[in-house]
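Order as written gives the chain letters A, B, C, D and E; numbering starts at 1 within each chain.
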Amino acid sequence: MTALAETPPRPAREGPGGRLSDALWRRPRVLLALLLGPPLLWLGVVYLGSLFALLAQSFFSIDEFSGRIDRTLTLRTYGELLRPANLDIIWRTVAMAAAVTVASVAIAFPIAYYAARYARGRWKAVFYLGIMLPLWSSYLVKVYAWKLILAKEGIVGWGFESVGLGWLLNAFLAVPGIGGNSLSVSPTGTFLVFVYVWLPFMILPIQAALERVPPSLVEAAGDLGATPAQTFRTVLWPLALPGVVAGSIFTFSLTLGDYIIPQIIGTSARFIGLAVYQYQGTAGNIPLAAAFAVVPILIMGVYLYVARRMGAFDAL
Amino acid sequence: MNPAVSFRGVSRHFGEVRAVDGVDLDIAEGEFFAMLGPSGSGKTTCLRLIAGFETPTAGDIRLFGESVAGLPPYRRAVNTVFQDYALFPHLSVVDNVAYGLMIAGVPKAERRRRAEEALAMMALPGYGSRRPSELSGGQRQRVALARALVNRPRVLLLDEPLGALDLKLREQMQDELKALQRKVGITFVFVTHDQGEALSMADRVAVFNEGRIQQVGTPAEVYGRPRTRFVADFVGSSNVLPPALTALFGGPPKWASLRPEALRLRPPEGAPIIGTVQGARYLGASTRLVVDLGTGPAPEDRADIAVLLPGGEPVPQPGARVGLTWEPAALHVMGAA
Amino acid sequence: MNPAVSFRGVSRHFGEVRAVDGVDLDIAEGEFFAMLGPSGSGKTTCLRLIAGFETPTAGDIRLFGESVAGLPPYRRAVNTVFQDYALFPHLSVVDNVAYGLMIAGVPKAERRRRAEEALAMMALPGYGSRRPSELSGGQRQRVALARALVNRPRVLLLDEPLGALDLKLREQMQDELKALQRKVGITFVFVTHDQGEALSMADRVAVFNEGRIQQVGTPAEVYGRPRTRFVADFVGSSNVLPPALTALFGGPPKWASLRPEALRLRPPEGAPIIGTVQGARYLGASTRLVVDLGTGPAPEDRADIAVLLPGGEPVPQPGARVGLTWEPAALHVMGAA
Amino acid sequence: QMTEIGEGEGALSIVAWAGYVERGETDPAFDWVTEFEEKTGCMVTVKTANTSDEMVALMNEGGFDLVTASGDASLRLIAGERVQPINTDLIPSWDQIDPRLQDAPWYTVDGVHYGVPYMWGPNVLMYNTEVFQEPPTSWNVVFEEQQLPDGQSNAGRVQAYDGPIHIADAAQYLMHHQPELGITSPYELNEEQYNAALELLRGQRQLVGRYWHDAFIQIDDFKNEGVVASGSWPFQVNLLKAGGAPVASTIPEEGATGWADTTMLHVDSEHPNCAYMWFEHQLSSNLQSDLAVWFGANPSVPAACTDGRGMLTPEICTQNGFDDFDKIRFWQTPVADCSQGEDACVPYYRWVSDYIGVIGGR
Amino acid sequence: MRSEAPLWLKVAAGAGLLFLHLPILLIFVYAFSTEDSSFTWPPPGLTLRWFGAAWERPDIWAALGLSLRVAAISTVVALVLGTLCAAAVARTRFFGREVVSLLVVLPIALPGIITGISLRSAFNLADIPFSFWTIVLGHATFCIVVVYNNAVARFRRVSGNLIEASMDLGATYWQTLRFVILPNIATALLAGGMLAFALSFDEVIVTTFTAGQQQTLPIWMLEELVRPRERPVTNVVAMVVVLVTFLPILGAYYLTRGTDTVAGSGK
């Protein structure tokens, strides 16, 4: 094998490709710029540009009678935003988002924990697909399904009636604030549907976070005398928190922006998304819609900032 | 006195896999006990059985004479130093150390004091407010030790605690661990697959293979008088001689072990055994020579044997003919196969 | 003849970090050259400078006399065996090996033949159709070697190629690598942080620390006559003596190194140096004794020195008084600090 | 303003109320688009709007040719210069239009016409005939908590329209029941009258599970959600009846608000010729006749009741309230300067936000 | 590492999964119901008639066609942009790297309605009429992130050494791209592309703002949900849509199985 020792000259890679490659090797920053340029142009110019356009619109105002936009800068629209009726909407939406987030965590945690810690082999796949399929199956179909389920003549009502618990459902629906004529026109209905459609968004990040917790940490806690409940409180929960926060970015953001669910299920009371949609579409009040849109942007801005500090982005 | 840990016919099978298979073992109180064996031989599983993370599929485990069947880990007076340390990343160093005390309900000031004390003992004063991620490997290891010791366990389990450290740090930590065990006087059960580590630290060593114990004894016993070929081969880099070669070296026609350092070179003339130097490996303090005692050039006739030349002795060139002498006492004939 | 690799004042700084800092180096053609040093000392960076993955911030690198400034990796007659092997997971073993030939435009049949040849040389015939993931660590390592060698590079760079292997396999691969280099006769530049590996394999060793070369020389030179305290300490587990102790051992009042294996025990009566045994570490083939030569019990008076007892000699108990003798030639006084 | 009609542009897009522009998809018998398309080559696309506000928004956004604007949208569109004056001379059938509508104030400004009347009708009270053996005589079934004839409360079983213009319904109810407020028009409310109306609506919020803003959703709710009474359009009544649902409608004693819709042409229309063809089609074809039957409303061409060009008969016209024109208070946009004086009335934009507040429970 | 889960956990996890799936199955049942107007449960009878009815509705085919075209083009755009971005972020350390990843995540971290209304007002201000491309613009923006997530995870796994190894063996950037990078990230890209496709195919919130008068399938469904003409036909379409989106998800799953990507997390 002395043949290995002889050294034929390296084949010359001439031609424009080779020369360009050489040039890029000598100037890595150019390569970086080539890679980053298109996506940055798209996201930075198209997307951020649009966001700023929207922001700018919120400083316009609208002629109340003709509905035409007056393009002189003013804070009048923000004054309007602070009307009690609108503050109600904001408060109602944030409260709903918070409730939905809390409920999603409660339901998601066991699923995520089981999937991360115990599911092996085939079960792992079952859990994975069992979470992914609802996540990706049509959003409208899901909302629609719930309309069928929650209608007064729908399945839940039928279920309660057929086991003779109709009175229980009615008693629940009679509770002011959360009840209503039927589940589909009660805040509870809206809440249920929100929890349902956003739940997978909560499960996945929690599962990802839990999968990053080495099993030895749980054992170490037990080894140091912690009961399972103490282990959960002192080790698992704090370590899953970034995942929870990452998930809540979704549940929060999606609830803040949704306008279809409250339109189809609920009491007709507006949520931010619906208000934005209607001010924009139905009422043509784009400045007010824009001002309304600033609210979730601000809320999510703060949220993202906190989430980033908690390291939730790695769990996204 | 009851032994600190005692196994009677303990097995742990995972389906087909016999991770631990009928182990009998007694570890005395205050002993520094090492479990040595290749990867997958069941050492970790043994440790986890003691700690309570696994339940035996057969047999009985006792701690200080009392059966621990059905006792969850958090009810055993045993603490573990995990291979990856398993420090809680969300807690500061001092909170990590104080974790067990917190669980036990020790008041805040008291547990802080004791945690600081334990850190000081581990030569880590002032590191309390750091996060584990801000520590080097050796420092983490000491925190894990402090976290286990602060609970004053009666048995401390250590699963390859030095595996992740580099050589220098590892030697230093070996010395520290040994000194620590002398100081606190509690039973250490130490798992490793590094025979050097086991020999230099332990009072007694158990050599594992495929879920079974091959030999239990002092380091010198295990090194010098291996009971099986496996032990001879695994503990130290011994020459394991087949019966024919044993006979050549003057023993009975049985398997035997012969340590390379027990062999000496001499001129071939009149030497009882003559061979050809195959290669040399400079080790600094010594040189390891491979000598072929074979009778012909065919591969099946080759019988390589390793000889350790102390530093300073001249190293013969490959191909040179050399004679060998040895201390007859060093030829250890093995009872078992 | 021009050296295969030559560095003149080469530096590579990453911001504040001086990964490589003013290195001068000549590696002769056909040499097995080792770069040894602790983690972070700049060995990998040096290798990457040769391969062309990094550009020096100062200085000049020449391969066979020609400057390689501005030459991308794919224009250098140099190949690398990566620490993690970096085999292409989507290609079969034979396609991995033939990759460089394919890029060079060698016809399909020809490159297949040469790849199979290279695999055969690496004792891997018949493995060609497997995926890298279906190989063991040692086999992967050989594939990586074949992939580099099949291109007939003039210099082969190896970055801790044995780091991921376990002890037994590692020793075997060390022997194979060494034999291979003899066979193909091309320049090997070998990076390791394991001094045993460097000493046993290399023709010459460069010891790195903090981006600078501390000493270049044959293994015996580096081991036996370290130029600096760092080298003495890092290469082998030497005793590094401060000037006062050097004087005690009969040398000039300068820093010196004294190998533990050069010291011998004798009864304290009439011995030139007397000390107290502090501890012993059983190493199987030998025992490492720590002896305190200090004059008082205060810590600042302590002067520990390590003594290597060959296997078989009786090991004194801690606390025993012992006398020491040594070979005067073994006391190596260091020129530099 | 157009002076002559040229070649059709081949397309026409209309913003319309649900059920206003049918091509036989819901019921093959009701089709007044296919014929138009065949005749003129103008292919019609329809964008359904649910509220007048939405219509205004769509027209402001642009891209449409025609809009079937109700009285509460038309003036806003004119003021916003979204629609163009109509040259009535180009519409041969213009003279056929009901004289009561010819110069109606909701689309005629300073004598200039900004559209062509389409249809008009009342907002009726729809009720479930199984619950109400007798037609309810008052709107109070949707405004005030009470026991319905079937013995259960009306809470949760009534609906109201999800548009600010519903305030006018409340005002009209008060006009009848609290004459001391002195309401003269439900669209011209001073502060006190307005507040009284809101108060009534706040009470109604307790009864209403969900407000309706879409004709089809209301149909759904009557079928699936147990709604038994609501202000509604004859359209839903007809569709539900056709589907066999037990519903009927009535105009209670307080009278009814209603709508008189006008087809208006966008200033920037890209298909004005087709639009003028549609104007003529809307007046001259079977559209007026069939639409009146389909929607349960009244044609703007009186002849449609009698001349048999479609399904309409004089009986149906009478039944749909063709003779009650004067009793219906047609939707108009509330403005500040009203008959009670300059700046005396609450303007529409406050209706918008206050009604959102009411629905939100404020 | 204990292999057995406590019973309550199994029950809670199982119940959670059921909760996720039952409503979807329900739609499937309703697609076969003979009752065509109300939501009566249980359905009075079963029939296949609605599949035929759906087949013959031209508006469904038109909407489906538009949705497919939009999803295809958006996926392509997202693939290109997402991969470039992932390559830049994974390969190099540069100032503002965090900003870039934040920027990519933003379109899904902010409510969809914000993206929608922003784009719409931007179109308005710039006088861009609604068209096929305005829909694509919106969809590609939020699809980038799924491609990016998949690609970045894979890039991290394809150690930088592979690229260096390739160049070390004589390959230029282009050859490395062709022979090493693309084959190694192909499955991740395919998975990301499939997820992007499914995401776009199902999107309604942003689309309502950027579609103008065009009807994608979800918009068609929204219209039908609100204004049903033949309710069971909607059920049939709903079922078909679910089945059609499942395929890419399954595909993506099998392509990324056993890797560190959680395909599609961060929809």
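Side notes on the structure shown:
One rule holds in what follows: contacts are C-beta pairs under 8 Å (C-beta built on N, C-alpha and C of every residue); 3 or more make two chains touch, one makes a residue touch a chain.
Heads up on the chains, UniProt names are A, E = ABC transporter permease; B, C = ABC transporter ATP-binding protein.
All values derive from a computational prediction rather than experimental measurement.
Fewest steps needed to get from chain A to chain C, stepping only to touching chains, is 1. Shared contacts of chain A and chain D, meaning chains that touch the two of them, come down to E.
In this assembly, D is the chain whose CA centroid lies farthest from the centroid of chain B. More inter-chain C-beta contacts link the pair A-B than the other of A-B and D-E.
Centre-to-centre spacing of chain C and chain E amounts to 52 Å, using the average Cα coordinate of each chain. With centres set at the average Cα position, the gap from chain D to chain E is 41 Å. Our note on geometry: chain A versus chain E, Cα centroid distance of 14 Å, whole angstroms.
Multi-chain contact residues of chain D, defined as those touching 2 or more other chains: 61, 223-224.
For chain C, residues that reach two or more other chains under the stated contact definition are 72, 74, 104.
Multi-chain contact residues of chain A, defined as those touching 2 or more other chains: 10-11, 13, 21-22, 25, 151, 153-154, 219, 280-281. Note for the complex: chain D touches chain E at residues 13, 18, 25-26, 45, 47-48, 61, 63, 214-217, 220, 223-224, 243.
Every residue of chain D that touches chain A in the complex is listed here, in rising order: 50-51, 53-54, 56-58, 60-61, 76-77, 79-82, 155-157, 162, 208-211, 223-226, 333, 335, 347-349, 352-354, 356-357, 359-362. Interface of chain E with chain D (complex): residues 37-39, 124, 129-130, 212-213, 226-229. Interface residues of chain A facing chain C in the complex, by the touch rule stated above, are 1-11, 13, 21-22, 25-26. By the touch criterion given at the top, residues 63-68, 80, 83-86, 88-89, 92, 151-154, 180-182, 184-186, 266-270, 275, 280-284 of chain A touch chain D in their complex.
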